[in-house]
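Shared between the two complexes below is subunit A, which pairs with subunit B and subunit C, respectively.
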Partner chain A sequence: MGGIFHAAILFLVAAGLQVIFGVQKIFNLACGSFYALGAYVGISAVQAFIGAGGPPGLFLLPLALAGLLVGLVGVVVERGLLRFVYDRDETFQLLLTFALVLMLEDAIRMTWGTAPQSTAGLYLVYGQVRLLGATVPTYNLVVIGASLAIAAGIGWFLTRTAFGRIVRATAENREMAEALGVNMASVYARVFTLGTALGTLGGALVIPATAAMSEMGIELIVEAFAVVVIGGLGSMRGAFVGALVVGVLRAVAISVYPELEMLLIYLIVIGVLVLRPRGIFGEVAV
Partner chain B sequence: MTGRLVLGAVTAGVLVLPLVAPTYQLTLMLPFMAYAVILLGLNLLFGYTGLVSFGHALFIGIGAYTGAVLTTHTRVRSLEVILLTAAVAAAAVAAPVGALCVRYVKIYFGMLTLAFGMVFYTFLLKFYGITGGDEGMRVLRPWLLGQDLGEMPKVAYLVGPYYYYSAAVLALATFGMWRIVRSPFGLCLRTIRDNPVKAESLGIGVVRYRWYAFTISAVYAAVGGALLGPPTGNVDPTLAYWTHSGNIVFMTLLGGFAHFFGPVLGAFVFIYLQDTVMSVVPYWRLVFGAILAFLVICAPGGLMGLFTRRRHPTPGAARA
Partner chain C sequence: MSTSRRDFLKGAGAAVAAGTGLGVPALGRAQGRPGVPAEPLKIGVLAIRAGIAAPVGTAGLRGTEWWAERVNRAGGILGRPVQLVVEEESNPKDTVERYRKLILQDKVEVVLGGISTGVTLALGPVAEDMGTPWLSWDGTTQKGVEETMPSTKWAFRSVDNEVEAIVAAMLTAKYFKGIKTVAGIGNDYSYGHDCWESYQAVLRRHMPDVKFVLGLFPKLGATDFTSHIASIQQSRADLLMCSFWSGDATIIMKQAAAVGLFKTMKGVFTTAGGVHDSLKKDFTPEGLLLGYNSMYFDDPKGSPLLKQFVREYKAKYNEYPPYECDHAYFCAESYKAGLEKAYAAAGQWPSKTQVVKALEGLEVESLSGKRSWREDHIQMCNFYQGITTHKNAYDFVTIDPLEIVSTKQAMKPSGTRLFDWISSWKT
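Showing the complex of A and B:
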């Protein structure tokens, strides 16, 4: 069950990665750092909320709100940095997101210090339930539900809304979409912000269950990366299935043979890349 | 001609530096020389073949841990044997890993190398009994050219014999790489970078040549990695972490991947700038991230690009 919880969080971050990669063809190494940023801002928001006398039971509200609002950092990053390298080689795009990783990590250290931060006690505020013979914190179920809802929401957004169609058209063929009058700058800015917001929300939601550490971002990116490789680059279904695979495998490995936990995941990543580089649902050929 | 003059001046400078420079500056030269060796190799992939590895720290780790394992678990102390073993170990790992990786280019190559790097990192971290886990392993002071210098004070050892030894290794590595990139093989690599389809039609075994380049650059990384260990006396898994791979790509870009000596300059500037920034504020990553972002957006040719006016090809400019 802890595996599914982890998978739900991973899905959010990986979905952010996928949206950006699918449309802009940028592999955003900084998505883990956005996740960390969301976590820290989420903690601060909750602490402020509790400090202001808010009922602990409603902490989810400021948490989720903070997570979504930090996503607006995406606009700044996209307009301020990324838009200069769209016509460049992808190496430079990758390096620019690596620059973001470096900057954000220290920005977090400067703002919140190096000591781990946590929202002590709130994790179990919703109590626990017994499910299939195991005791599960209700909060986990809330996050899993939220993640499923978001997955459904993204699916609806991409297939049913006008902007979703534009996004898919852009992902398919940028030149053609542009020729048909799509404002690329606006699409890119919105897509990048959406991707960022998914990451920061993931960070905010994970926080009641764990402590925020400045390294959490660079550790998560490689897991999110494993998710998208297994599921297929640029595919939403891929992010969903990949997150489940990684989340569950991790949980199983931890209980059976902890040393193998991450090793197993990377070995699967390599296996997938070698045998089927486009992943389970990927449509992009090498 | 000016190139030779500069090279001669730099060589002379490196040789007389221990006589004039303060000890602290000299200890900074040690990681610089190790990274310079690593980057010479990385640039064979990055600048000359157009492949960006985000897992090269794997081979740095192999080199560094070779030194640690040999000195602590066996009686081997000779640095020559360590460097040679590191090179062989790296080649042995790089041959199969590279064979898989070079079948892909661009983002897939980057991801695959990153995944292999993380496999090794996880191994170093989790198999505590063999590798010492996150505490790492000690590297005992190696003998140089058969001389056991164990009686020497540590600093005197490092800025004296070890300094010259590293400089000699770097000189050899530079000479070797210079011959490689000037050879028909190096020319093939550049052809592959600029246009793999054309290269293939010219009869160049594109995948095979990429594989050679990958293996050679892995050997360089391991030799450089083995040089990194003794000055600190300790190696730990962060040497193999993916951000370390990112950092060395950064150094290459900083100096300028389009120039043979660009990465060496990049390593030099990176080490000294990092030291300077860290002495002022603890947040060197923030400063370096900003520098990297600036480089990527405004000066992709790196520092060398500022000196030379030629139009430079981009890495991986060739679209498969």
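Showing the complex of A and C:
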């Protein structure tokens, strides 16, 4: 179950990475930093909520709200920075998003300091349940449920709403969509904000179970890359399956042969690259 | 990009140095002692303020700044005000460059600091070349020292870091007599592996029948240990030994509490006391063995100096000080005492060589009582470990009973090899 909890969080970050790449063709190295930002803002929101006398049992409300709202930083980044490099070489886009990683890390350090931040005992507020012979924190199940609901919501949004169809059309053929009158600036701003919000929400939701550290995004982004390679670059289904593969494989490796924890994941990555370079659900050649 | 980042950090360092030096001009006149230069005494400081070791690096810097303010209020060293020149400790290559810069460009007379094992082992040979005393706060493990700093003239090394695990193993044998199986978890780098090896070696001497059933080494900086905890549960070990020392200690404690890990097994956290005020009672149970390294902020028999430091640290930073403050304070205070001793012998401002000789075997009052430099340039001090309790006025755990073990008992004597020394014990 620990592996599935990890997969649920990983899915949110990888989904953010996928939606941005799928539409804007930008490989957002800063997705891990947005995840860290969501974690810190989530902690501050929860601390303010509890400090103001809010009942601990309702901590999920300020947490999720903060995670979603801080996703709006995506608008600022997209309109303020990224739109200037859309027509440049991919190298510039990578450099810019890498610069964001460093700047956000320093911004976090300047705002929240260097000491790890924690939400004290909120992780245990919902208690534990027995599941398949193991004790599982109820909060883990809440996050897994939320992640599944978000996955279903994204599927519904992309296939059933008008804007979802525009997003898919843009991902398929930008020039054609533009010729049909789609406002590309608006689509890009909204898609980037959605991708950012998925990452920041992931950071906020993970924080009761862990502690926020300024470099926490770096750890996750490596796994998120493995997810997109396995699942297929640009594919939401790929993000879902890839996150599940990485999360569960990692847990199994730690239980069976701990030395293989990361090696096993990268063996799968290499295998996918050799046998199916597009990934399991990828539609774009990698 | 890396340049701008480094510039930012250097800027931050300069700001701290300037802040510390603000009081210097007012105090910057020597008291007219013969042979003492009038200008401020420049002291270089290397401190990690970024990344996973930032909490301990920041604490060390704060301890040094507190010392410098006290010294300057009292008129300086031999009437000479001190001025800190702070540089960032980061990777070995860059830190070595900054170390050289402190000596060659800033003209500091001593360098204090250094926490990361990788950095301190790289600095050791450089210190010998530069001919300026360097007093390390922390970060020297057995294997690395044997390879890069077997004997030194200018470098003064920290306590062997494995001592935390050695003391923990001694106390495991005392407090958890019934255990049969032990699982271990530590970070996947030299410190984590060395602690686990040392812990096993010492516990085998005291409890030969104990079996070590699992050793896990997640990478440094990891924030999810749920799968590791599941593996520890599956091992059905009687006891978990953990050498985490930063935010990861808090995380594993929280994730362990969420699945009731310590309801079925004992726990030993060799140095998680470094982040003691994040170990909240909500998720940190009573009955664990917890190590605080070289200073325990709540020592009921602590000196007035410790109590004053804890009070002022809490008032200024709204935190309770971790052990690294004591290592840093000791390095600075011993340098002051070494200077004064060498001056008394020479009758003039001493040379660096004279200061180094004066430091050997020197004992001073530190935040955790008397501490000294062994003749082979290694810090000597006491280690504080004990059983976690909720019976205190804080929202985090403290320890009671408190056990104090000296480095004379738990650190290998000069000239011996660690595991040969442990093997020679009569238990």
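Here are a few things to note about the model shown:
Throughout what follows, the second predicted complex is superposed on the first by the 285 of 286 C-alpha atoms of A that agree within 3 Å, B and C clash if a C-alpha of one lies under 4 Å from a C-alpha of the other, contacts with A are read in each partner's own complex, and residues count from 1 in each chain.
Definition applied: a contact is a pair of C-beta atoms (placed from the backbone, for glycine too) under 8 Å apart; a residue touches a chain by one contact, two chains touch by 3 or more.
Owing to the predicted nature of the structure, the values given are computational and were not obtained by experimental measurement.
Legend: residue contacts after superposition of the two complexes on their common chain; A:229 is shown touching subunit B, with no touch to subunit C. Of the two partner chains placed by superposition, subunit B and subunit C are both touched by A:218.
Applying the stated contact rule after C-alpha superposition, one finds that A:72 touches neither subunit B nor subunit C. When both complexes are overlaid on chain A, the residue A:81 reaches subunit B alone and has no touch with subunit C. In the superposed model, A:102 makes contact with both subunit B and subunit C.
After overlaying the two complexes on the shared chain, residue contacts for A:136 are found with subunit C alone; subunit B is out of touch.
By the touch criterion stated above, A:92 is placed in contact with subunit B alone, subunit C being left untouched. By the document's definition of touching, of the two partners only subunit B reaches A:274; subunit C does not. The intersection of subunit A residues touching subunit B with those touching subunit C, taken from the two complexes, comprises 95, 98-99, 102, 106, 109, 218, 258, 261-262. The touching residues of subunit A, when paired with subunit C in their complex, are 1-3, 5-6, 95, 98-99, 102, 106, 109, 114-116, 118, 120-121, 123-124, 128, 134-137, 139-140, 206, 209-216, 218-219, 250-251, 254-255, 258, 261-262. Subunit B makes touch with subunit A in their complex at residues 52, 54, 100, 104-108, 110-112, 114-116, 118-119, 122-123, 126-127, 242-243, 246, 249-250, 253, 282-286, 288-290, 292-293, 296-297, 300, 314-317.
Residues 27, 29, 81, 84-85, 88-92, 94-96, 98-107, 109-110, 218, 222, 225-226, 229, 233, 258-263, 266-267, 269-270, 273-274, 277, 286 of subunit A touch subunit B in their complex. The touching residues of subunit C, when paired with subunit A in their complex, are 1, 4-5, 8, 49-52, 54-55, 57-58, 214-219, 221-224, 226-231, 233-234, 246-248, 250-251, 254-255, 257-260, 275, 278, 280, 282-283, 319, 395.
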